[in-house]
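Letters A, B, C and D name the chains as they come in the text, with residue numbers starting at 1 for each one.
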Amino acid sequence: MPEEKKPAQDAGEAAPRPDGDHRALAEASPDDVSGYAVLEDGVPVTEVRADGIFSAARWARDHGYRILSLLSAYDDGKTEFGVLYAFVKPANTPGDFAEMRLKVRMPRKDEAGNDLEPECQSIVDVFSAADWQEREMYDLYGIVFHGHPALRRIFMPEGWSGFPHRKDYREPEQFIAMRDGEDIVLKTQEDGSW
Amino acid sequence: MVGARDVRDQIPATFDAGRLKTVKVDDRHLMELNMGPQHPSTHGVLRLKVKLDGEIVVDVEPIIGYLHRSSEKLAENMNWVKFIPLTDRMDYLSAMHNNHGYVLAVEQLLGGPDEQVVSERAEHIRVFAAEMSRLCNHLFWMGTFMLDMGALTPLFYALRERETALGFLEELCGARLTFNYFRFGGVKFDLPDDPTYLPRVKTFLADMPSKVDEYQRLLKRNDILVGRLRGTGPLSRDEVLDWGITGPMLRASGVAHDLRKVAPYSIYKELDFDVPTATESDCYGRLVVRWAEMVQSVRIVQQVIDRIEKRDLEGLHLNPDYAGGKILRVKAKGEAYSRIEHPKGEYGCHVIGDGKLQPIRVKVRAPSFANLQVLPIMARGQKIADLIASLGSIDIVLGDVDR
Amino acid sequence: MASLTSFIDQILPGTPHWLDATIAAVLGSVIVFTVVLTIGGLFTFVFRRIFARMGNRSGPNRVGPNGWFQFLADGLKLISKEDVRPARADRLAWGLAAYVAVAFTVVAWAPIPWSEDIYFTNIGTGVLFILALSAVAPLGEMLAGWGSNNKYSLYGGIRAAALDVSYEIPLLFAVGSVILITGSLATQDIVTEQAGLWFIVPQLLGFVIFFITGLAKAGLVPTDLAEAESELVAGFTTEYSGMRFGMLFVVLFSNVFFISALTTMLYLGGWQAPFVEWVPFLGGFLGPVTGLFWFVLKAGLVSFVVFWVWTTLPRVRVDQYLNVAWKIILPLSILNFVGTAVMVRTGVLG
Amino acid sequence: MSPGEAAHAEAEAPAYDPADPSHLEAPRIPIVVEEQREGLVLTVLSKLVNWGRSNSVWPFTFGLACCAIEMITSQAPAFDISRFGSEVFRASPRQCDLMIVPGTVTKKMAPRIKTLYDQMPDPKYVIAMGACATNGGPYQDSYFVVKGVDKIIPVDVYIPGCPPRPEALLDGVQKLQQKIRDQNAILELGF
């Protein structure tokens, strides 16, 4: 995202260079990797193209990053959606611990200015833990994870319109909850309450 | 997206996605049972769609979202500090840890990884509060887990100790359940002025291991209980890792992965404690691990109190840069993720700010949400009663699952 | 019964005998019903108090003297509540279930000897009568489970049936061993036979088996599988409301006393006073109700143990219980039966 | 003015006297359902039934969110709801008198709560426990939260707090007991 400047650049130093497993990943699959940055907490993140995240995740898994720690999406409201992945190595001693972060950025508009729906590869086949996490991000942000076996809404009931965590989300006028064939209609009141 | 590949067609799965203990039966003879959202053992408003062949669970699908309160979306419309009370209400059984995770993440944005925003004294108070909270969480878990197993009294034993511990936290911050205690740069209040406070806590802590021993005498030697827990809800180490399970459930499968130890935050690096593990990755192992963790928490708090009393710890309980009304004007910029060892597993906060008063995104990595996914793997092929035991052994809080 | 008839005859001289007998039967039935349901109701309160004390609490203590009218308040409330019949429930089975459960449970109380003189009937086949009727009682649970049109209820009913089949046989063998010693099925004979030596001494194994299977028969923790609150919400009672539920509730608690009374009668000397050889005072210090006192005291102590177990132990799993019933308890009970038979034959016992 | 209104009017506006401590107590407003025309028998019966109902309020095992923990804690030795005869938490809605709504009501859960309420037999009572159940509490702005359970089912007693302490719940239960005692049970019975 544009607001997120690389801190090293802010300080006027040279751009950070990937090292360790990040460099190894960039060398192993240069097509998938699109960038590199260091977050404010000092942990580097490799930016991966949306159609390369599966192989990158598989690479991470094969290199010992067994636990899917974080799968988080965001919407900056202006230009892009993003998904941040964090994989960690299960550790028995402090030395074993290592973290690998990957990020997928999906633009809201293509070059021609047309709206794009965010799409990304699913990593369920390598990390089962991504199952619900991807469903959650689909539910809240509408990010379509290709290859997910059952990409359904997880929090919202089926039939809910819109993806509520998007910045441009507007609440629907009414919500009809079904109950044994009888409808309970919850309407928006004048004061905005239900 | 251009050229998105359907990976399932092209790339063969590289591993067995979970041991499928599915029982081969004629589908027409299965009974579908909806447990919840109101059910005494679903710990809130979880719904389990269970397929049953007689008493045997063929498949179970957890359906969540009945407590989705959209805290994360609300965070985007409030000042950074105002989200702290909402973290309390996510996992309301260990609210201190939720505070801690969020505050750590924002402090990364405010100070960066190296800059010391929090004074040594505040760090000690934080660890004190967090470990007391862990104690309360495990106590309550034990009580309700035993209630799931049909034993009625352990809950009251556990609540007895929990009330005492909550009393100390209440003196610290004024609340019983939703503490709202941590602030960027420290904690809201210093330790109470009452000179008997720490001695009283120490007396309680000195008693606590014998109380844990009492629970063990009551439960560990109970053949019925052990018979029901052993071998129930088994998970192989591969499954545990693959499903992203963390916390006591991971440690019950023999991996000593405790973020306090392997990726220390706060002052845990300087404290002396063990990481209990168990080899049998079943409900019994999880119970034993949590018992041992209670004792370790007691050890940690004792050390922290010793250090507070003996050393003259530097600094105030709250960084003056963030005291008073200044905390409302916190503007954070950048992106960070911080993780802490929550009683239920890895708890983390992914925060993004653009230098304004409100965050752009706060994502909570909820341990209950990640851990609950594995329930079908645990329950398949076992009995209904085992399904309840497996669910209880995960230690979920629906506020944490649905957020 | 006979004494009741003669009592009626005395106060209504000149009436024919059949009328006396009928009045006595009706009156006796009313008395038994009242006693059973009062005990059941009272035990709901007693259980709540014991449970509370076990958990370091005080229990209901606001209604009446020290809370002792709590069960009356509960009863009044349950009677005045709406009686909901679930849609598409099997009307007959659903409606019949509560009555079946109550009727067979209460009638099974008839041959219980409260003391040497106080009993409703002392038929020659008293024990057989009790066993036969209490074997029918789970029918009520099955009817409730089937008729409620609720899956939880159905599971409760099926579990009740499965348990019924498994625990009935060891129970019969355990009671059969006692009958081998006494040589009589009459309940009063069993009690009088225990003068001097209670059957718990020669029949310790049988006592344990009877207690375990009795708990299962009454549907009590650790074998409350048919109700199993944490698994099946409320088991076979899930769909019952108001007084129908109240009846099932009272039956459950009166079963606690029933099992305790049977245990007392079969193994703990019934209404016989303890240590009466050395302290003859114990045998008659309350005049005609001494036997009643001892019987109620013993049964109350056993009930306390039942409640104690209830509040302490977790629930067993259904397959574990069936395994134990068929693989351990049943062979042991047969062993006990055969051993008793050999001992009786060789003259060691009986 | 009907007798019901008169009763309300009498209960209102006592003269303020600082020396009199009674103004500190909340005025007890009797809930007059309809003009009392019953004779002695029905009045006594009504009182008797009210006595039973108010002393045997069995709550529903129904946890929604944070407040549910305080609801469970109210059974703890330190608070002990069992003293008032209300510790019999029944898991089946058919056997309960009181639905404590402990926590946030979401739009996904709202129809289920309505169903559960409908499944309870009359007479039934509802306590809205905590800020969320009362009006949405801290989640008022959320897109998925119903702003108060009274949008769906009628509520008898509201308990403020986020979450309310167990003592507050005990107070709420006692307020409800008072309310039940003031009811006309005969009308409730439908005679």
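In the analysis below, contacts are C-beta pairs under 8 Å (C-beta built on N, C-alpha and C of every residue); 3 or more make two chains touch, one makes a residue touch a chain.
Values in this document were obtained by computation on a predicted structure and should not be read as measured data.
Chain-level centrality, scored on Cα centres against the all-protein Cα centre, points to B. Chain centres here are C-alpha means, and the one lying farthest from chain D is A. Per-chain CA centroids place chain B at a distance of 46 Å from chain C. For the pair chain B and chain D, the distance between C-alpha centroids works out to 33 Å. Spacing of chain C relative to chain D, judged by their CA centroids, is 38 angstrom. Centroids of chain A and chain C (each the mean of its C-alpha atoms) stand 63 Å apart. Shared interface positions of chain A, i.e. residues touching 2 or more other chains, are given as 155-157, 164.
The set of chain C residues that touch two or more partner chains comprises 55-57, 229, 233.
Shared interface positions of chain D, i.e. residues touching 2 or more other chains, are given as 75-77, 91, 108, 112, 143-145. Applying the touch definition to every pair of chains gives A-B, A-D, B-C, B-D, C-D. By the touch criterion given at the top, residues 51, 54-57, 151-152, 155, 221-222, 224, 228-233, 310-320 of chain C touch chain B in their complex.
Chain contact summary for the complex, chain A toward chain D: residues 155-157, 164, 169, 171, 175, 177-180, 184, 186, 193-194.
Put simply, chain B touches chain D in their complex at residues 37-40, 43-45, 65-71, 73-74, 77, 85-86, 89, 92-93, 140, 144, 155-156, 159-160, 162-163, 176-178, 398-399.
Residue ranges on chain D touching chain B, taken from their complex, read 61-66, 68-70, 72-73, 75-78, 91, 93, 103-104, 106, 108-109, 112, 116, 138-139, 141-145, 162-163, 165.
Residue ranges on chain D touching chain C, taken from their complex, read 48-49, 51-53, 55-56, 75-77, 80, 82-85, 87-88, 90-92, 94-95, 97, 119, 121-123, 185, 189.
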